[in-house]
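What follows is a pair of complexes built around chain A, which joins chain B in one and chain C in the other.
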Partner chain A sequence: MFVRLFQYKVKRLFRTKDELFWCLVFPLILGTFFYMSFGGFQDKQETFQAINIGYITTETGKDEDFDQVLMLLSKDGKDQIVRIKTTKEEEAKKLLLDKKIAGIIYNTLEVTLTVNGEGINESILNSFLNQYIQKRETFTKIAQISPDKLNEVLELEFKDSSYLQEIRFTNASIDPMTSYYYALIAMTCLYGCFAGLSSAIDIKANMSTLASRRLVAPTNKMKIILGDFFGAVFVQFICTLITVCYIIFVLKVDMGQKINYLMLTAFVGSLIGVTTGLFIGSIGRQSENVKSAIVLAGTMVECFLSGLMVGNMKDIVERHAPIINRINPATLIVDSLYSLDIYDTYDRYMRNMISMLILATILCIGSFLAIRRERYASI
Partner chain B sequence: MQVFKAYFKILRDSIPGLFIYLVIFIAISFFLSGSGKESTATTFTKNKVKIAVINEDEGGLGEGLKSYLSQIHTLVPTENDKEMLQDQLYYRNIEYILFIPKDFTNKIKNNEKEHLCENVKVPASYTGKYLDSQVDQYISTLITYVIAGIDDKQALEYTKSDLEKEVSVQLLNESISISKADDYYYFKYLPYIFISVVVMGISPILMTFYKKEINERNLCSPMTLKTKSIGLVAGSIVTVLGIFVLFLVFAFFLYGKNMEFEKTILYIINCISFLSFATGLGYLVSIFSSNHNILNMITNVCGLGMSFLGGIFVPREVLGEKVIALSKFLPTYWYVNAVEAIQEVKINPSIMKEFQINIGVQLLFAIAMFAIALAGTKYKSDARKQVS
Partner chain C sequence: MSAAVIKIENLVKRYHELVALDHFNLEIKEGEIFGLLGPNGSGKTTTINCILALLSFDKGNVEVFGEEMAPNKYHLKQDIGIVFQNVAVFNELTVYENIEYFCGLYIKNKQTRKQYVEEAMEFVGLNDFKSFYPKKLSGGLLRRLNIACGIAHKPKLIIMDEPTVAVDPQSRNKILEGIVELNKKGATIIYTSHYMEEVEQICTRIAIMDKGKNLAIGTKEELKMMIKTGETINMEVLEIEDKNLEEIKKLPHVYQVEYKENKLHIKCSKGKHNLIRVLDYMQTNQIAFGRVYAELPTLNDVFLEITGKELRD
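And now, the complex of A and B:
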């Protein structure tokens, strides 16, 4: 009996195009948007594009060494860092005003930089000049104090060395954009709320004709509820897995090595999604449309707070209102995935999982209390 | 007038639902404008980062590095306990941990250059990169002095004084402020909100009119299609204006003190041109979608898609070239362009021309939307196509 009910629910969910859209197609579309938006980011970093600048210099009083360094850096080729667009002051100012160049480097009595606002290119120029000035200072000092060592020191300068070694508690590599994909997985899980909502509607005789028909049957109500519930969780879990596979295999995003735990998170996430929908569907007498609007908007807000639209939203919430991060299911899912990646212990992962399970249980009990003993002699 | 009145009767019914959306999206716009400011890397303004330095160095150089960092950042005192450090990092009480090993001084003296220190940072954060470069620069300068045979104490002093030297950065114009004003972030994120609120606000009402039976019934009336469409469009425009005024009042409430008159006017013009597009989109969507759910789908896909690809959620510098080329086909691209132009209008009046172009393109998008929508109404009113 139970198996049959389960089967019906699964069939029904896979045939409801609207719900399938939210649980399956929408995450894939959004993932593709992410990929299009940030996919180029990596390439951009690897194939560094030369920054356009203006370079103003005078014959007298200029820093000859800087002049040489800059000429070296602006030479066409693989190592080109800057591209000198103009050497005339008026023209440079005009170009800077129109943001055609990122900054003007003056090499007159001292080296200075003029910018028009801030941005990535501006800060690269700034740190490049700082480095130059600091190095120059160092070498001038050494030339004064121990000139005999100068050659040795200069030689050293041209060797690349990495003084710092980043250690992580695991050896996963984390891309700045991965957090968006985590939030996307959280969203997919939480969209289980639609399946949950429909499960609730299907057993509330005052909400749908299908439910009034079903409740006439002598089937045990608990069996119907459980069948629907597990059917919804199952379908949602499948949808989440498809999304995860799409992210890993099609978009080729590195999601770490712990696939088993990832799947467990997806399952618990789907569970919490479905129970949310079930709960909203069970309480109150609003129409289905209002309820689905509430569910959708609520899920959107949860996902927003976990970083779906702005990647570092989770940190901002952590700084200002940490309690939200402890109870927001979307953040809990994102956090679990995160902690899998960055910690070698499972403490935090388990903490998040347990929070989710508690939330799911509360929602489940809540909806059960709302649905139980609802009987209609005539409707 | 009849249609116009009927429109508002239906609107009155859907106000509770609309209200939920408005509250949620006003809250989101508030958060977004706040986060926009926090997420941009500020480079010219030095901000202090909460860091921990675990110094086990037996020589004196490690202490030098530690005291240097403590001067420019906030040092959080901690013990070298892995579990505790993980927790601190997790709750962001610390954002960067630097381990200076026992043999730090020795390694430098022996001219070793690989992996002198270890660090743990918040994954993929700006602060992490920022601190990395500071530590790198410090160590490399220090090594230079040590190799040149200068004694430790002197080397540390020189290193410190060298690193204090910085290039002087000037602004092109006195009146530009280096960081963007709050209102910039607020208005930059508005298109996402507008698409969602406008489409969810007007489309359900219009959909009622285009419901099959009602539409067919209305087509039988002697009222011309034109009069009817005018009534509906007028109703939509009034609703959208109402929504817009609400968001504008909210903007004044938040940022009114700092907003200049000229900028405000330009913002309003920009918003209105984008809103006319959003209205057109809402009108179009309502004709072709048969239920609430489809409406939701289209709104979310359009809203998020246009925002991501048009450079609203992610800075345009991050987008790939192909995406930027593609995004020119989205009105959000031109909206963001206009917002950028508004920031510079004061120092560069010639940018007004660009602003006008941006507005013009947005209006063209709006006209296109309305044209398709009205053509759609005509199509739907054709009796021969109503058979099914």
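And now, the complex of A and C:
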């Protein structure tokens, strides 16, 4: 009997267009939009393009050191910072006006920069020139006042040139945009609430005639609930897996190597999504439309707080109200996926999974207690 | 004497201040087509929900097949079929799957279930619509599907709660014929309706309900015997004086005379030759009249006389 009820629930859900749209089509569309939005950004992040400049110099009065530095920076290769397009002033001015180069560096009596507008490349050139001039002045002065200290200062300069040290916990390459896909997976899991809601409504005689028809049959109520419940979890799990596969294999987003744990997260996430809907459907006597609105709004708020719309929202919540992150199912799913990707150990992942299972258990017990009543006061 | 399939004693059901069932009593015997007749809100559906153990009640006792009914009495539920007033089917399942699903809640054996489902489809005439989804069915066909889902498991007791609401005449006749056929095959039927013609047509016994009370119970003939009206004579009369109306009222068995919009309505208590006497009087007094017809009392007259209001008020 349980298997039959399970099969029919699966069949019904896969034939419900609304259900399929929200749980499968919508996440795929949203994932595609993410890809289209972030794709260009990721490319720009990955490859730095050398800055085109014009370099005007004279044989007399030029700064020989700067000339050497610039030649070094314009050398072909992966460390190339600038590309000298021309050394003729007239041509350089024309190229600058046409925005074909970011600026003209003059190395005549003084080292100066001429730019045409504001932008990242212009800022880099400006910063580079300022830094060069500042350092040159500093070292010249030290050489004049205390030449014996020059070597020591130079050593310190090179030693302290970097103020940040990277400490790696894992070999994983973290793309900040991946957090959006984590939130998308969390949203897909939590959309299981619709299937959970319909399961609750189909077993409450005071909410639907269909439920009355099922309850007057000589079948144990708990069997009907469980058949529906696991059918809903199964369908949601399949939808989530399809979404995950789409993200990994079609959109080519790196989700790490721990596929088994990723699937486990998708399953527990689907479980908590369905139990949330089941719980909301079980309590109170609001109409199905009101309950659907509550479920949808609740899911969107949870996903918002987990970073679906604003990438660092999870961190903002963590700073101001960390308790929300401990009980928000969307954040727990996102954090599970994040910790899988970041850490080589499973402590944080397990903590999140346990939190989700506790939440799902509480919601399940609450739902079953609300549904189990044998007779209704009014129908 | 047939055994009681349903026995309700002193059933009281309150919704806050409203008393939906007020010390309601009922006994339905095996093999009956029992009609529960009453206007909307009279307590018919509440009675059914109490019988099915869906609804809690404040006082009284409900027995089905000689046992007190409870939600976990699965052996009793096994023999009950219900056709709800609202169509209760899954829109995502086909006609066949819907019947199979609900039949499967009662019948575990796959082969038996398959046979029952096919018989139910044949019975309600849905064979040609086997793979249709409910949304593609007309209102009448949808009602038939609703019935098939309720009776496919061959129950001994079938409860039909207004199964013909919003149904076209063709489907209505098909449904009513089906109910009689089910009864002939041995099922006891409880049929609720506010359509007195339907109840009069198929029910072997009828209870008239209003405001949660059982006002009268019996066969349709017994119910009609309970009221004063034996026959109503209607005549089209262009003009008649008040003194003639008074004289007609004094004729034997006549107890009420009403003249309204050129129509004369004469109510007579039980007795013979009422129409002949009225016609004699009209000819003797040279009162011109047109179409004449006599009506035997209907269940609506019974209801009107008992409650003082029309059944559809």
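Everything below uses one rule, namely that the second predicted complex is superposed on the first by the 252 of 379 C-alpha atoms of A that agree within 3 Å, B and C clash if a C-alpha of one lies under 4 Å from a C-alpha of the other, contacts with A are read in each partner's own complex, and residues count from 1 in each chain.
In this text, a residue touches a chain if its C-beta (ideal position, glycine included) is under 8 Å from a C-beta of that chain, and two chains touch if they have at least 3 such contacts.
The structure displayed is predicted, hence computed values, not measured ones.
Chain A is touched at more residues by one of its partners, and among chain B and chain C that partner is B.
When both complexes are overlaid on chain A, the residue A:S127 reaches chain B alone and has no touch with chain C. Applying the stated contact rule after C-alpha superposition, one finds that A:M1 touches chain C and leaves chain B untouched. Of the two partner chains placed by the overlay, only chain B lies in contact with A:V153; chain C stays clear of it. Of the two partner chains, chain B is the only one touched by A:T114; chain C is not. In the complex of the two chains, the chain A residues touching chain B come out as 18, 21-22, 26, 29-30, 33-34, 36-41, 43-44, 93, 96-99, 104, 110-123, 126-127, 129-135, 137-139, 141-142, 145-146, 149-150, 152-153, 156-157, 159, 161-169, 174-176, 178-179, 289-290, 292-294, 296-297, 300-301, 304-305, 309-313, 315-316, 318-319, 322, 338-339, 341-343, 345, 348. By the touch rule above, chain B contacts chain A in their complex via residues 16-17, 20-21, 24, 27-28, 31-32, 34-36, 38-44, 82-83, 86, 90-92, 99, 113-125, 132-133, 135-137, 139-141, 143-145, 147-150, 158-159, 161-163, 165-173, 176, 178-180, 192, 291-294, 296-297, 300-301, 304-305, 307-309, 313-314, 317-323, 326, 343-344, 347-348, 350-351.
Within the complex formed with chain A, the chain C residues making contact are 15, 49, 52-56, 70-72, 74-75, 77-78, 80, 82, 84-90, 92-93, 97, 101-102, 104-106, 108, 149-150. Chain contact summary for the complex, chain A toward chain C: residues 1, 4, 8, 11-13, 15-16, 205, 208-210, 212-221, 374-379.
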